[in-house]
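There are two complexes below, and they share subunit A, which is joined by subunit B in the first and by subunit C in the second.
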Partner chain A sequence: MAVIGAGPAGLVAVAVARQYGIETALLDEQPRAGGQIYRNIGAADEAMTAILGPEYAQGRDLLPSRDDPGRHDIFGASVWQITRDGGIYYSHESGASALTAEHIILATGAIERPMPIPGWTLPGVMTAGAGQTLLKNPGLLPQGKVVLAGSGPLLWLLAAQYGRAGVDIAALVETTPRANLHRAALKLPGLLREGELLRQGRALRRELKRLGPRHFKDARGLRAVGEEHVRALCFTVGGQEHEIPCDLLLLHMGVTPNVQFTRALDLPHDWDDVQRCWRPRSGPGGATEISNLRLAGDGAGIVGARAAALQGRLAALAVAGEMGEAVANAVAEAGNELSRRLAARPFLDRLFAPGAECLDPPDDTIVCRCEEVTAGGIRDLAARGCRDVNQLKALGRPGMGPCQGRMCGLTVAEVLARSLNLPIEDVDYFRLRWPAKPVSMHELAMFAEAEDA
Partner chain B sequence: MPDTSDVIIVGGGLHGLSTAIHLAKAGLNTVVLEKDHPGRHASGVNAGGVRRLGRHLAEVPLSVAALEVWENIDDFVGDDCGFSACGQIQIAETEAELAQQAARVEELRTLGFEHERLIDQAALRQIVPALARHCVGAIWCPEDGAANPYRTTQAYFRTARSLGVRVELGAAVANIERAGADWQVRTVRDSFQAPVLVNTAGAWGHRVGRMIGDDAPVEPAAPMLMITERVEPFITPVLGAAGRKLSFKQYGNGTVMIGGGQRGRAVPERNIAETKLAGMGNSAATVKALFPQLGPVNVVRCWAGIEAIMPDVIPVIGPSKAAAGAYHAFGFSGHGFQLSPIVGRLLCELITEGKSSLPIEAFAIDRFDNVQSS
Partner chain C sequence: MERPLFRRLIDVGETGAKLTIYFEGQAIEARAGDTVAAALPAAGIRDFRAGPASAAPGSPFCMAGAC
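Here is the complex of A and B:
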């Protein structure tokens, strides 16, 4: 079996597979295990763990405790193609390699939703995820004044972590509309079932109060300003203008499933109207339309680290079950725990539903960074008759750069759908192509084959 | 009540649209039925090569006439379609290849065509200084070039509509019958009727053909293309090779497109074409052999389009064999983009005057009478 992605879902999947004696390869493009949330966990010292907090430290439990000859961890491996018959192709420092697996579990996690506000392409503006990566690699702590803006749990967490590390947080600017809270309130019972999450949330709020950065809520009309480099974040709250000077601006608007592989494999996807993102379709145990391919973790729909680990467990159990192991009890147990862990999602999904900030940016805002296509450019093409994102891509080039629209795909679709006044399903999503990551000619040429005459 | 018109065209790729434009200009009321949208298939996703170089002798007169339209494509469809006469070059890597090229150029000359020129190593190095040093010469067509396929398709589409052609999208033709002297054509939603039917259904051409009793051995194939990250400009013409599958073109933005016949897997029933890694590998190996300096350059995207390939790699163009009042133009076998302005004109001539001004006998559908269809 092969598992792609060494976050909580992937790590647990491998551990469970090994319990059943299934020989397993684990691939991840990071140099170490941990995924986004537990990045670098194996190397973090006490001081670092104190800053990152108790949830981070939990990641330690997922690391293998001893050498295991049936387990092949391949780190620094950027997977760029998988095939329906189990082929996995990846680049490594020593070149390109391939392996074949009877079963594949895709645990490739989430990517941050871009937050294309005016000025977001200025140097000194980054995503909160990138800001957190700085923290997890020693010695990269930001200097100067930092502003955090947007919406979502990671924003709070990062504010607390930066606070603990002594970073100068000039402001925490939340865009979460008040209306979201009302919508979420209907789902409060679910949240109450997830006691641990609730406790964590409260503790974070208390800590933020104590750390005391300026905290703005329900902010609107965000703009990053500056010439060569970001100088300040401007926004309004209740009609009143604010301008907060900063040296680093970290933006965050939640995370969405990374659909690069599932799209390139041409699997069906469903639209999530609350979180406004596509989810690859999967069934129990992460099963997909391709019989030997399963999904686990945020890559199949945002669930958070604890639930992701349970999905990793369930996917590995399903594989073990197919191999004839008796797994029914373990499946039932993990399944129950998973539904408890997922109980809070409807609340969180509604509370942190993405706002107009990233769904309908002003005309002059760049949406596709690779090809420098603006929101206005997309609206022009819509007015000229473009009906879906693939026509748009062919005519206006958004999504044609090296990232193939991984960054801009959702925004492009939102802008187009809004200007045509169509449901998002109608404007579709970019057809993604292999390789899922750029690959050099040298590496590709390793897969040349003698041709039939 | 079925919708009635003078002509029904099945397939809204470039050939269907070009035919529609010519027919509309001739005053005929024309409907195009397209199951997806124009440019969804071969016409919108091809390499954009505008090439007379290396054509099958039967195609040469058409291709030469087509280039004359390309040179003023704005007059035809009100857009420059991204066309640039950057030249097309076909390199020889051995003396034997060069000798074959010399014979080819000579043969064309005796037929009265002078667009292909043989050049020696020194001239080749001047035109493509970045090329590997072992190459010995080339055929050079400086007036050939390349255009932007999607933009071209959209320009044809706009022009057809502005001339009053009705282009029905999402209109997959399921069934065609005789209704007196007319054809009755049914899509999932509607019914259309006209005395004249044109089949420009590309890789589905044989399927539509069978609906009126004609058969042809079409192989739906999936030629692949790949595109690199941006690199410094290093080559102007579109480059092919006598002894390899290659078509190589650097765009103004620095990206390089690599194609030339490596095939993926076509699944016409599902409307898709899948890439195959071995073919991508083969293309990369070819590129490295001819441009070793590109080894470290990244490929960022690879795709395939569904294209109809005929056993003799030239298209079917001309009247139906089985039925009066029906015409075909499909099976362009990987090089129909360049021919698109001219084939529509010839079909229009066949429909309105009963004869074509250029020789099309070689493209007759009955040439396959002894070949089994797949």
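Here is the complex of A and C:
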């Protein structure tokens, strides 16, 4: 069994499979296990876990406790293609390699939702996730004036983590529309069922209050300004204009499933109207329409680290079940815990749903960062008769750069659909093709020689 | 070189080895295990590349291999 992605879902899937004696291969791009959420957990010392917090330290429990010859963890492996019959192609140590698996679990996680605002391509503008990544490994902290802006739990968490590390935050600028609070409030009973999450949220808010950065709420019309580098964040609150000088601007607008593999595999995807993102279709145990290919974790729909781990468990149990193991009790137990963990999602999804400004940015905003295509450019093509994102891609180049649409796919579709007044399903999503990651001609040439030999 | 946007926190994640890399001919101190995208801003490099259409300055954005 092969698992792609060594975050919580992938790590638990491997651990459970090994309990049933299933030989495993685990592939991940990073040099160590943990995924984005537990990045570098195996190397983090006490000082680092004190800054990142107890939720990060929980990731230690997912690491293997001893050497296991039936477990093949391949780190620094960038998977660029998988095939419906179990072939996995990846780059590792400057060469291309392949393996085949009888079962594959895709646990490729989430990516941050793009938050396009005017000026977001300026040097000095990064995502909040990027700020946190640099802290986890190699341990970098910003110096100078830092502004955090956008919406979502990661924004609060990073503000708290920076605070613990002694970094002054010039401002925390939240864009969460007030209307989201009302929509979320209807789903409060679910949040109350997930006590751990509720406690974490309250503790974070208390901590932020104590740290006391300038805190703006329901901010609109965000613009990063500067010439060669970001100089300030401009926005309005209740019609009043603000300009906060900054050296580093960290943006965040929640996370969405990373659909690069499931799209390239041509699996069916369903539109999630609350989270405004596509979700690959999967059933119990993460089953997909491709037999022996399962999904687990945020890549199948945003669930958070704890639920992702349970989905990894369920996917591995399903594989063990197919091999004739008695797994019914374990499946029922994990399923119950999963439904409790998921109870808080409707509240969170509504509270942190992206606002209209993020989904339909002003004309002068660059939407596709790679090819520098603006929202106005997309609207022009719509006015000239462009009906779907793939036609738009051919004519205007959004989604053709090295990120393969990861940073613009959702925004391009939103802007086009709103421009044409069509449902988002009608404008479709980019058709993604292998390789899923850039791979050099040298690697491919060396690989072909090895195959011939 | 401008003042770096980031500073190193008490050598966390450091494998010990300091090394020199060259960016546009300029010697930069880095640490073994750094990604290039982390080493350059840590050394005060702000502008990494020119945009394909506008030639506008650009720098790493997501640090997670997505952008």
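Assume the second predicted complex is superposed on the first by the 442 of 453 C-alpha atoms of A that agree within 3 Å, B and C clash if a C-alpha of one lies under 4 Å from a C-alpha of the other, contacts with A are read in each partner's own complex, and residues count from 1 in each chain.
Definition applied: a contact is a pair of C-beta atoms (placed from the backbone, for glycine too) under 8 Å apart; a residue touches a chain by one contact, two chains touch by 3 or more.
Just so you know, these numbers come straight off a predicted model, no measurement behind them.
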| field | Dominant toucher of subunit A (residue count), subunit B or subunit C | value | C
| said: So in the superposed three-chain picture, is A:R369 touching just subunit B, just subunit C, both, or none of them (first/second/both/neither)? | reply: second
| query | Between subunit B (first) and subunit C (second), which does A:T100 come into contact with in this model arrangement: first, second, both, or neither? | reply | neither
| message | With both complexes superposed on chain A, which partner does A:G139 reach: first (subunit B), second (subunit C), both or neither? | response | second
| task | Based on the superposed arrangement, let me know which partner A:H442 touches: subunit B (first), subunit C (second), both, or neither? | result | first
| request: Look at A:W434 in the shared chain and tell me whether it touches subunit B only, subunit C only, both, or neither; answer first, second, both or neither. | output: first
| message | Output check: A:G401 vs subunit B and subunit C. Expected answer is one of first, second, both, neither. What do you get? | response | both
| query | Both subunit B and subunit C contact which residues of subunit A? | reply | 401
| query | Which subunit B residues qualify as touching subunit A in the complex? | reply | 37, 39, 44, 150-151, 154, 228-229, 272, 274-275, 277-278, 280-285, 287-288, 294-303
| Complex interface listing, subunit A residues touching subunit B | 81, 83, 87, 89, 266, 387, 391, 394-395, 400-402, 404, 433-435, 438-449, 451
| field | For the subunit C and subunit A complex, residues of the former touching the latter | value | 3-14, 31, 33-35, 38, 41-42, 46-48, 51-54, 56-67
| said: Quick check on the complex: what are the subunit A residues that touch subunit C? | reply: 29, 31, 36, 40, 43-45, 47-48, 51, 78, 111-112, 121-127, 129-130, 133-144, 165, 228-229, 247-248, 258, 369-372, 401, 403, 406-407, 437
